[in-house]
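Chain nomenclature is as follows: A, B, C and D, assigned in order of appearance, with residue numbering initiated at 1 for each chain independently.
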Amino acid sequence: MSDKSKKILDPGVGASYRHRTRRIINPDGSFNVRRVGTLNVIQDAYHWLITIQWIPFIVVITSIILMTNFIYAYIYWLIGIEHIRGAATGLFWDDYLSALFFSVQTFTTVGYGAMSPDSQFVGLIASLEAFNGLLLSAFSTGILYGRFSRPISKIKFSEVALLTPYKESDNMSIQFRIINKRANTVLHMKASVFLSLNVKEDQDGTYSHRRDFYDLSLERSSIMFMPLSWTIVHVIDKNSPLYGITVEELVKRQAEMLITLNGYDETFGQDTYAYHSYVAEEFEANKRFIRNFNVADDGMILLHVNDVDLREDISPKEEN
Amino acid sequence: MSDKSKKILDPGVGASYRHRTRRIINPDGSFNVRRVGTLNVIQDAYHWLITIQWIPFIVVITSIILMTNFIYAYIYWLIGIEHIRGAATGLFWDDYLSALFFSVQTFTTVGYGAMSPDSQFVGLIASLEAFNGLLLSAFSTGILYGRFSRPISKIKFSEVALLTPYKESDNMSIQFRIINKRANTVLHMKASVFLSLNVKEDQDGTYSHRRDFYDLSLERSSIMFMPLSWTIVHVIDKNSPLYGITVEELVKRQAEMLITLNGYDETFGQDTYAYHSYVAEEFEANKRFIRNFNVADDGMILLHVNDVDLREDISPKEEN
Amino acid sequence: MSDKSKKILDPGVGASYRHRTRRIINPDGSFNVRRVGTLNVIQDAYHWLITIQWIPFIVVITSIILMTNFIYAYIYWLIGIEHIRGAATGLFWDDYLSALFFSVQTFTTVGYGAMSPDSQFVGLIASLEAFNGLLLSAFSTGILYGRFSRPISKIKFSEVALLTPYKESDNMSIQFRIINKRANTVLHMKASVFLSLNVKEDQDGTYSHRRDFYDLSLERSSIMFMPLSWTIVHVIDKNSPLYGITVEELVKRQAEMLITLNGYDETFGQDTYAYHSYVAEEFEANKRFIRNFNVADDGMILLHVNDVDLREDISPKEEN
Amino acid sequence: MSDKSKKILDPGVGASYRHRTRRIINPDGSFNVRRVGTLNVIQDAYHWLITIQWIPFIVVITSIILMTNFIYAYIYWLIGIEHIRGAATGLFWDDYLSALFFSVQTFTTVGYGAMSPDSQFVGLIASLEAFNGLLLSAFSTGILYGRFSRPISKIKFSEVALLTPYKESDNMSIQFRIINKRANTVLHMKASVFLSLNVKEDQDGTYSHRRDFYDLSLERSSIMFMPLSWTIVHVIDKNSPLYGITVEELVKRQAEMLITLNGYDETFGQDTYAYHSYVAEEFEANKRFIRNFNVADDGMILLHVNDVDLREDISPKEEN
């Protein structure tokens, strides 16, 4: 057991509110905060392009590239398709399409040459577009690598936290389990667990949404390797602020358990963080986790990644 | 409350001067130091290109690329435009423009082929230029990514620090507030606050610009998450070197409060730092910060990023 | 000597099994864990492309690029080779090869133009392919740099660990030796050594594969510089959990010594980790390491990197 | 004053030698170790290309690119220049030069098309070369960025260390001075100083090259900011292992002072290290450093970067 649990000041999420708030951290890792006045997309374009999902990212980049080509094509069409040597002409769409193909051949620097600038003005615009293409290509390479190289951990948390007896002892404990969905090695994983509890109601009830925070002591607060899953355990002994607590009381006091993990991710060669929270409704009593790995006949350990949530009912006391 | 405030040796900014100096750190984060003999732009080009603002950066890169093309065009013109097959000729400017278009088509590797080298010498120069183009493109990609991937925090500090009563206690406190202008998550934010005070004048007055430095204890010196704003507080209790101080005395003693913050920036996957200072003139008394977030009807917390400076007058003692 | 050896909880590798397991860490640094249900190659492509060996990596990337070109060539052939101006035609393979060359010239943006699109549909497909080529190129650049920039240490561990007398003392010690195969400088190298020992069999034998773990104290747990090799030593004094142990007992108790190293790699400008394990069969008694460096005539130290394993028999006690 | 100086075990550089060795660390930061059996250039190409100087780097990259083109040109010439449509022919050199230009136009993907493949075999080779060009370009971009992004500090150490009185006290001190040649900000700079002293000769003299190491206590072992220079001071009080030492004795005992610095480099957003050593011959007595900054008329601090070595003789005791 590391050090003692202790009451702490607000770990940064606000300690007193006038109304009931939503949970602090959502299951997807976002905070329930609506920000007014942050940097907009233009001011913070890199940050935005790095953090959006892949599908919107591809849509945005494709749109920018297509738009650029449509605009250049329109300019060539305005100048007149007859200034592009070798361009097939015909109706409006034939002309525009010729201009668009010329634009794409210039932007991507393919430059077959079947079409080529036939006036100084087109030559100038085409030069500009070629530089533009190079720049956008450099830019996209940078963003792509930026997206790749963020050390995003794929730590999966069990869906629920358990309020369950600790081994053969008479103490209860809070337990949840994590696993690395990625097959890489995370070294020196460290965990911090905070518990937020609304303070008991005052006589007049005005401050019913004030919260107390506790830094919970852990059975092990760090592990050296994580090839398997890790069950993180807070033992509710007499020194614990949760001594004698029930799931019902956790709900009444709007409990929320905030967790941060960090470790060294060998793939990225960098430190990585993960965080999560369990609200009172995600605590279960009278259950315990079933071990999600076993020894195969060849002596290899067989780890069932998706069984991180596997649990069973407890009736009589057994050894874990 | 973390640990005790203590007098420290100079944190690196110089402890004694013969004349009155400007503030140590400017509001924009630069130091008031003029350096003679540092590496020049050529010796330290990468560092320079990485740290200048975007507008000058774009101007510099564009100039380098344009200059390169103008020079190659001039070389082609010198060799003779008749050595470029297919080049439109005419007056000087027509010839030069043809040479320039050929240069751009070579540099960007568009290579339509409507113009192509028609002598071995032009072939050689064009080969050189094509390599040159690839290299400058690789170089620009590298610099662009270098600029993108610097973990620059967008922490905004309140414009003033307050000398204000600490909660309901009889103690005064120094408070300032920070907020993340970017909508990302900074984890494990830590703050250090140093105070520089000129020592009381000697009889003969020679060393009136000697400074004492204090490492101020903080109510919370780190927070785990920062989805909201963070008010950083030094309580001026009996152990504080500032016990009984007034704004007037801070001004007289040329006080400057130096602050460093660091945390893990999730977007960049790296540690990030921010620093700032408040000079005596930026301290205000008889004010207190107004909370810049509230709970919306749907339980979400509404954070007003631009209200980090919102403060009100204090008259009678109220609860904060 | 750093601090005391102490019994610890499982460092993350599992403490009790129902059957005999293989060693925890293989000599190549992999864990003997078979994972079921991790992210597949598509879901975790970047991680996979970053961590596979160079030969498979090159095969994969080449295949992707070739496949893409074969498919585009097939599409051009389907549309009809006569829609590519200048394409050499003939039998099926002549047509397909022309289509393939056109595809490659488009994909790589070489675009000689001897072949060029001669219909709007081919123009459209070719535009798509050119963008596709740029994207795959950006992607490959990103992956390549990702592979390059991982701070992979080239620390070589001695093949065996020795159970050998400690200097001139009466104590035994466990020793192993590491060396940097790369000629760069690693600063501030830190070592942690854990020992896993199966607990003595119970009466009924059911839990014969339960393990105890010890965090072993080290003679030096960190060094500032590592220009030479480093012999890491655990002295088996009376406070050691290994006091009086023999190689035979290590084998009987299925001992495995787990090691992690980390330091700052100057080449990559990042922290780097290495880990390794010695199973009981890799312990040797009655040997000692022979120093693998000596002073050359010119005062330079001559380091024999491949002699990290050099050891000799001990008979009478000599000074080391 | 931080903590006490203490005798330590070898910080990784070897504690006992049979012959006199050269200094441990050279003024350029290299170690006086000749390594036999490290990875060769092929096995460790990235590391090598990242760490060599700029001039050899450019020579190597240029050579690789030129060689590649010369070889492809030779292949085209072997196949026969008549298989390249539009190639100028003539004597051997004319043919080879045509082949070379075709190669360059293919490699760089310029592809004017004035020359283009005129047989399936040339088409195949040219396709290969175009892919080759893209790959080498991606590779060079990666290496270039790798070189740029290494957080190389430009810390300059004073040429000598001084054995000089400490302020107005009766104690002597060892002092040296560092400065950042780059105009960027290094935060939270930490210093460690080790002293290596040969132990006094034994009766029989065999181990005259055994060394003792001391971890020296420092007046300040870290500073928060480094806008100016930093004079690092070990006070030789009664607790110091150097109490009463003279420069002559330092020489006799082959003293070498090993220094490591590390801090957060704001430009690179990463931790950076610097190390250095002073041998006994680089210690000076009866000198003291002259402050290398002063306050300009406008209150700015004027820092003379190149005056980091400025020192003056001391005769009578004055205040520093």
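Keep this in mind: a contact is a pair of C-beta atoms (placed from the backbone, for glycine too) under 8 Å apart; a residue touches a chain by one contact, two chains touch by 3 or more.
Everything quoted here is computed from the prediction, not taken from an experiment.
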| item | value |
| --- | --- |
| Graph distance between subunit B and subunit C, where chains that touch are linked | 1 |
| Remotest chain, subunit C as reference, centres from CA atoms | B |
| Self-contact between copies subunit B and subunit D, residue sets same or different by half | different |
| Subunit A on subunit C, rotation in degrees - Cα superposition, rounded to nearest 5 | 90 |
| Between subunit C and subunit D, centroid-to-centroid distance (C-alpha), Å | 27 |
| Residue numbers of subunit C (touch at least two other chains) | 105, 109-113, 115, 137, 141, 145, 149, 268, 270 |
| In the complex, subunit A residues that touch subunit B | 9-14, 17-22, 24, 31-39, 44, 46-47, 50-51, 85, 105-106, 109-113, 115-117, 120, 123, 126-127, 130-131, 133-135, 137-139, 141-143, 145-146, 149-152, 192, 194, 258, 260, 262, 268, 270-273, 275 |
| Interface residues, subunit B side, partner subunit A - complex | 65, 94, 97, 100-101, 104-105, 108-115, 137, 140-141, 144-145, 148-149, 154, 180-185, 187-189, 219-220, 223-228, 230, 264, 266-270, 293-296, 298-307 |
| In the complex with subunit A, residue positions of subunit D that touch it | 109, 111-113, 141 |
